[in-house]
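Shared chain: chain A. Partners: chain B in the first complex, chain C in the second.
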Partner chain A sequence: MAKTGVLGLYSDANYAAEAGDGLQRMGISDNDYDFLTGAPYPEGAFGEKESSHRLYVFPFVGALCGLTAGILLTSMTQMAYPLVTGGKPILSLPPMAIVTYEGTMLGAILFTVLGIIFESRLPRPSLGLYDDRITEGYVGVLVECEPEEVDRVEQVLTQAGAEDIKRGKV
Partner chain B sequence: MARHPHEAAERTGPPEVHLSDREVMQDLAEKYDAACPKFWLAVAVAGGLFALGVLAFVIRALDVGLSDSSRNEYGYYAAAFAFLIVTATTAPLAAIAFRWTKNHWRRPFSRAAELFSLVGILAVLAFIPMLIVLPGIDLNGDGVLELGKDRRTIWFSAPIGAPIWWDMAGLIGVVVCGLALLWVSARPDMAQIAQVSNGLRARVMGRLACGWQGTVRDWNVQKGQMAILGAFYFMLLVWVHTLISLDFALSLIPGWRDSIFAAHHVLTGIQASAGLLIVVLFLMKKVGGYDRYIGVDPFWSFAKVLLGVTLLWGYFWFSEFMTFWYGRDETEQTVIKLLMVESYRTAFLLNLFFSFFIPFVLLLWNGVRKSVLGPTVAGASVIIGAFFMMVRLYVPAFNIKDVGAESIAEFEAAHGGTAAQLLPVLPGPLDVLMVVGMMAGAAFIFLLGTRLIPIMSAWEMKEGLMYVLYRPFMKGKYLVLGKPE
Partner chain C sequence: MQEGRALADRQINRDLLHTIFTHPKWQWGLIAFFGIIVLGAMCAAGYMFNRGLGVSGLNRPVMWGFFITNFVFWIGISHAGVMLSAILRLSKAEWRRPATRAAEVLTVFSLMTAMLMPLIHAGRPWRVFYWVFPFDWARGVYPNVRSALIWDPSAVFTYLTSSTLFVYIALLPDLAVIRDRSTGIRRQIYSVLALGWRGNPRQWKLQIIAGVLLSALILPVFVSVHSIVSFDFSMAIAVKSWHSTIFPPYFVIGAVHSGVAAVVIVMAVMRWLYGWQEYIRPEHFDALGRLLVVVATGWFFFFVLEFFFGLYSLEADEIAVKDFLSAQAPWSWWFITFVGTTYFIPVGMWLFKGVRRNPGLMIIACISVNIGMWLERFLIIVPGLAQKQVMNFTYFTYAPSVVEVVIVIGTFALVCMLMLLFAKVFPLIPLYDIKEGEIARDEIQIGRRKVPAVLREE
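This part shows the complex of A and B:
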C-alpha cells in the first residue's frame, strides 16, 4: 500500500528536534522522516541521521575519463604526426599536460553536472508535501508512514508542539 | 568577540541582526518584485549602449572583414573581451573562496558574485570573433613548426583543434560550471520565491527550483555540489586566463617570453573582480535598498583582501619588469618599450597608477579600510587599472602582423626609429563604441539577471542570522559570531 505523508510545522526548531526524538521512540525509521527548513541548519542539529551522497564519485570518474582521453589524444596525435619541434622529444610531457589538464577538467565538470542531476533526484515532477511557512522560518517534520500509523504519528508531532499538521502525498 | 563598531555605526550603520526569517524573506521578496524606474533606466541605457556596440562591431566587420589579415582592427575589441574575463568571469571566485573559508561577511555579496556567471554567455559569444582573427600555428602550412617561420605557442605539438577549439572548450567549461554553480546556489531561493509569488514568475521559479524542498539531504547535497563546482570553477578559470593571455597576447608578440605573465593575468583578474564586487556591494547598499543587511564589515574585510592582492600585483609587475630590464636582451628591451615605456606608456602609467598606487595609498590606512567609501574608491580604481592593462597588452599584440617572426626587435624601424607594427594604436569612434558596448552588455545581462534571480541570497542571509547576535558584555556590546563546524 502507498505510504502517506504527514507534515508537522514548528515555529521553534527545538520542538522539531523533539518531534524527531518522539518519532524514533515510536519506532519510525530515521529513513522515513526528514526535516524541512528554509536555511541549512548545522549537521546533527535535529539529531537526524547522517545523510550520505555519492556526489564526489562523479567528478573522479569524469576526471579519469578526461585524463585518459587527453593522454590518448596527445600521444596518438604526436605518434601519428611525429614532428620534431625545437629539438624536443616527440612525446614531451609539458605540451601533453596542457591538453590533458583541460581534458581532465572538462570531463570532471561534465560528470559533476550529471552527478548534480542524479544526486538531486532530478527531475522531480512535483514538489511533494510542503508549506509556505517553512520559507518564513518554520521547521517542517515530514514523515512517510503507513496509513494505519498516521493518527499515531500526528499525535507524536502534536505532542512535540506542532502548530499545524498537513497530510498528503510525499 | 569583536567590539561593536560604534564609530562605524555612526558612519555606516551595522547590519541588522535581529530580523526573523519571515522579515528577511518578505523584505527580500519585495525588493525582488519591485524594481524602481531608475533600475529600468539603467537597463535601458545599458541595453542601448550594448546595441550600439554590436552595431559598431558589425560596421567594422563589414568594412574590414573578420580574418587574420584584419586582426589589427580588433585590438580594442580584444582588450574589452579580456577585461570582461578579468572582471565579470572572475567575480564568482569571491563567492567560492569566501564560502570555503566560511566567512560570514561574504553573505551579502555571494549571490551578486555568482550572478556574474550569466555574463559568461556574452563572453562566449564575444570570443567567437577573437578565435576567427587568431592566426593559425603553422603559418606557412608546410606541416612543420619552425622557429622564425611559424608562430610560437603553447600548442607545441599542435593537437587536434589547437588552439581554437581548446580555447573555446575551456571558456565554455568555465561558463557551464559558473551557471551550474549559480543554479545550485539559487535553487532554494527560487523555490521560496515560487511559494510567495504568483503567476508566470511563480511558475518559472517553480520549474527552475526543480522540486527543492529543503530537506536535510537537499542541503547536504547542495553543500557538496557548491564545493565541487567551486573547486572546478577555480581550477578551470585559472586555466582560461592562461590560455587567453598566452594565445591572444604573449604568443602574438614574437620573442616575448614571460613565465609569470599568465599568473599576473590571473592575479589582475582576482584584483579587478574584488574591486568590481566592492563597487556592486556599494551600489546594493546605497541605491539598491539593501542597507540594513550590509554594514561596514564586508567593505572592511574585502579591503584587507584587496590590499593584499594589490601588493602582490605590484610585486608581480616588478618581477616581470626587472627580469626584462636586467636582461638587456634586444628583444626584451623592445618588449618593455612596446608594452610599458614607449608605445603604450600612457596606458601603462594609468595601469600602474590605478592598479597599484591609488589602492595602495588608500587602503594603507585603517580608517579608510574601515569605511564604505574608501574600499569602494579603491575598488573602482583597480577596475580602471585592469582596463588599461588589457589595453596595453592586447592592442599592441593584435597590431602585429608578422607574428611568425623570431623577434619584434627585428622589425624594420620606420617612424622615429619604431617599427610601424609597434606604434601605438589610438581608438577610433567604432573602437570606443565596441569597448563601451561590451561593458554595457555585461551590465545589461547582470541587471536583467537580478530580475530572474535575487541579487541577495535569502537562504544564506537567514543562515547567517542563526549564527550572529550582539551581546552585552561588561560595559560594552559585542558582536558574537558562531561557526557551524
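This part shows the complex of A and C:
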C-alpha cells in the first residue's frame, strides 16, 4: 500500500528534535522522516543521521573531461592547419597549457554544479507535502509512514509540540 | 563582529525581499535613467559600427584606447566579487554574510560588460567569432591558440560561466523563500528556478559544501583570468613598456584593489537605497576598510616594482616611456592623479576608524580608488603605444572621441542598471546566510562581561 505523509510544524528547533526522538522510539526508520528548515542548522542538530554523498567525485571527473577536451581542442585545431611558424614545432605547448587549464577548470566547475544538483536530489517536479511557513522560521518534520501508523505519528508529533499538522502525499 | 540586534526569520524575509515585492517609483525611475544612458551608448556604438573606427580617437600607433582600458577595468572589478566571497567563505569570516551575493553579482555583470568592450573595439563585432569561436568558419582555419587574444576569451568565458553558476547555486534556497511568498505566475516561475528546494539537512549540507568547494575551484580561475588579461600586454614584444614579467601579479592585485573598493561602493549604496542598516553595518565597512589598506599597500609594492624594473633595465625605450609618463604634461598630471587617488588619498582616509565606519566617506575613498585604477590601465596602455621614444618621429598620443566617452559612460550605467534589475527579482543579500548567522550567534559571559560569539561547526 502507498505510504502516507505527515508534516508537523514547529516554531522551535528543540521541539522538532524531540519529535525526531519520539519517532525513533516509535520505531520509524531514519529513512522515513526528514527535517525541513528555512536555514542551515549544524549537522546533527535534530539528531538526524549523517547523510553520505559522492560530491567530491564530480569535480575530478569534470576536470578529466575538461582536460581531455582542452588537449583535443588545442592540438587538433593546430594540426588542422599545420602552418610552421619560425621553424618551431606545430604543437606549441605553453599556449596549449593555458587553454587546457581553463578547459580543465571549466569542466571541474560544471560537473561540481551538476553534482550539487544531483546529490541534493534536485530538480523535484513537485514539492509534495510542504508548508510555506518553513521558510519563515518554522521547522517541518516530514514523516512517511503506513496509513495505519498515521494516527500514532500525529500523536507523537503533537506531543512534541507541533503547532500544526498536515497530511498528504510526500 | 556582531553589533546588530537579533533578527527573526520572518523579519529577515520581509526586510530583504521588499525590493522584490514592493514597487516604489524611484526604483523604476533609476532603472529608466540608467537605461537611457545605456541607450545613448548603444546608439554611439551603432554609429561607430556604421561609420567605422575612424569616428573614434584611435589612430596609428595608438590602436588601443578607451575601449581596452575599460575592458581591463571591468575585468578588474569582476575580480573582487568572487575573490572576496570565496576567500571569506573559505576562511569562514563571519562578516562575509551580507557582502557575498552583491560581490558575486557584481562579478557577473562587470564580466559581461567587460566582454562587450573588445567586441565594440573590433569595430565589426560579428567578425570576432571568426577568431574566437573554435570552429572552422572558412577555409579550414581555426582560431590560433598561440595568440594571447584567444587565451583571453577562454579564460573570461570560464570565469563568467563559473561565476554565474556560483551565484545560481547560492540562490537556490532564497528562490524557495520567494516562491513561498509568491502567488500565480510568479510562484510558478520561482518554483521552476528553485528546482523544488525544500531545505532538508542533506540539501543544506550540500549547499554549504558547494559554497566552499566552488570557492576553492573558482579562486584559481580568478587568478588565471587577470594574469591572462595581462598577457595581452606582456606577451607583446614590440611594446617595450608592456613586455614585463611582473604584469600578471601586478594586474591581479590591482584587480583585487579596484574590485573590493567597488564592492564597498555597492554595499554602501544598497544600504542607503534599500534601508538595510540592520544588515550592512559599520563593522562590515570597518573590516573591508582594513582589508583594503592591506590590498592597497600590496598593490603599491607591485606598482613601485613595475616602475623600478622599467628604469633598472636601462633600456632606452623603457626609460623614454617612463619619462613620457612622469615628466611630460599632461601625462605627468594624470600620473600624479593616478598615484594619489589609488593609494595616498584612500589609504590616508582608511587609517582612521571613524572613516572606515562611515559609509559615506568609504564611498568617497572607494570612488577615488576606482578613478585611480581606471587611470592606471589608461596610463599602461596609451603611453606604451604612443612610441614617443628616441629616434622615433611617428609618435602620436591619443585623445578619445565623444563616441568613445559615451560608450564608456554607458558601461557604468549598464552595470548600475543590471544591479538594480537584479535587485528587483532576486535578493541582493543572501537570506539563508543571514539566518544561519542568527542561528549561530550567541553571547557568552567572560568574567564580568558579556561578549558576542559565534558558534562554528568544523
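Heads up, the rule we're going with is that the second predicted complex is superposed on the first by the 138 of 170 C-alpha atoms of A that agree within 3 Å, B and C clash if a C-alpha of one lies under 4 Å from a C-alpha of the other, contacts with A are read in each partner's own complex, and residues count from 1 in each chain.
Methods note: contacts are C-beta pairs under 8 Å (C-beta built on N, C-alpha and C of every residue); 3 or more make two chains touch, one makes a residue touch a chain.
Every value quoted in this text rests on a predicted model; they were computed, and no experiment measured them.
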{"item": "Which superposed partner A:48 touches (first chain B, second chain C, both, neither)", "value": "both"}
{"item": "Which superposed partner A:95 touches (first chain B, second chain C, both, neither)", "value": "both"}
{"item": "Touched partner set for A:108, first chain B, second chain C, both or neither", "value": "both"}
{"item": "Touching partner for A:137 - first (chain B), second (chain C), both, neither", "value": "both"}
{"item": "Which superposed partner A:27 touches (first chain B, second chain C, both, neither)", "value": "neither"}
{"item": "Which of chain B and chain C A:86 touches, first, second, both or neither", "value": "first"}
{"item": "Touched partner set for A:77, first chain B, second chain C, both or neither", "value": "both"}
{"item": "Chain A positions touched by chain B in one structure and by chain C in the second", "value": "34-43, 46, 48, 51, 53, 55-56, 59, 73-74, 77-78, 81, 85, 92, 95-96, 98-99, 101-102, 105-106, 108-109, 112-113, 116, 119-128, 130, 132, 134-137, 142"}
{"item": "Chain B to chain A touching residues, read off their complex", "value": "20-22, 25-26, 143-145, 147, 154-160, 162, 166, 169-170, 173, 176-177, 180, 184, 188, 191-192, 195-196, 206, 210-211, 213-225, 228-229, 232, 235-236, 239, 459-460, 462-463, 466, 484-485"}
{"item": "Residue ranges of chain C touching chain A (in the complex, touch as defined)", "value": "8-10, 13, 134, 136, 140-143, 145-147, 150-151, 154-155, 157-158, 161-162, 165, 168-169, 172-173, 176-177, 180-181, 191, 195-210, 213-214, 217-218, 220-221, 224, 228, 231, 432, 435-436, 438-440, 455, 457"}
{"item": "List of chain A residues in touch with chain B within their complex", "value": "34-43, 46, 48, 51, 53, 55-56, 59, 73-74, 77-78, 81, 83, 85-86, 88, 90, 92, 94-96, 98-99, 101-102, 105-106, 108-109, 112-113, 115-116, 119-128, 130, 132, 134-137, 140, 142"}
{"item": "Chain A to chain C touching residues, read off their complex", "value": "34-43, 46, 48, 51, 53, 55-56, 59, 73-74, 77-78, 80-81, 85, 92, 95-96, 98-99, 101-103, 105-106, 108-110, 112-113, 116-117, 119-128, 130, 132, 134-137, 142"}
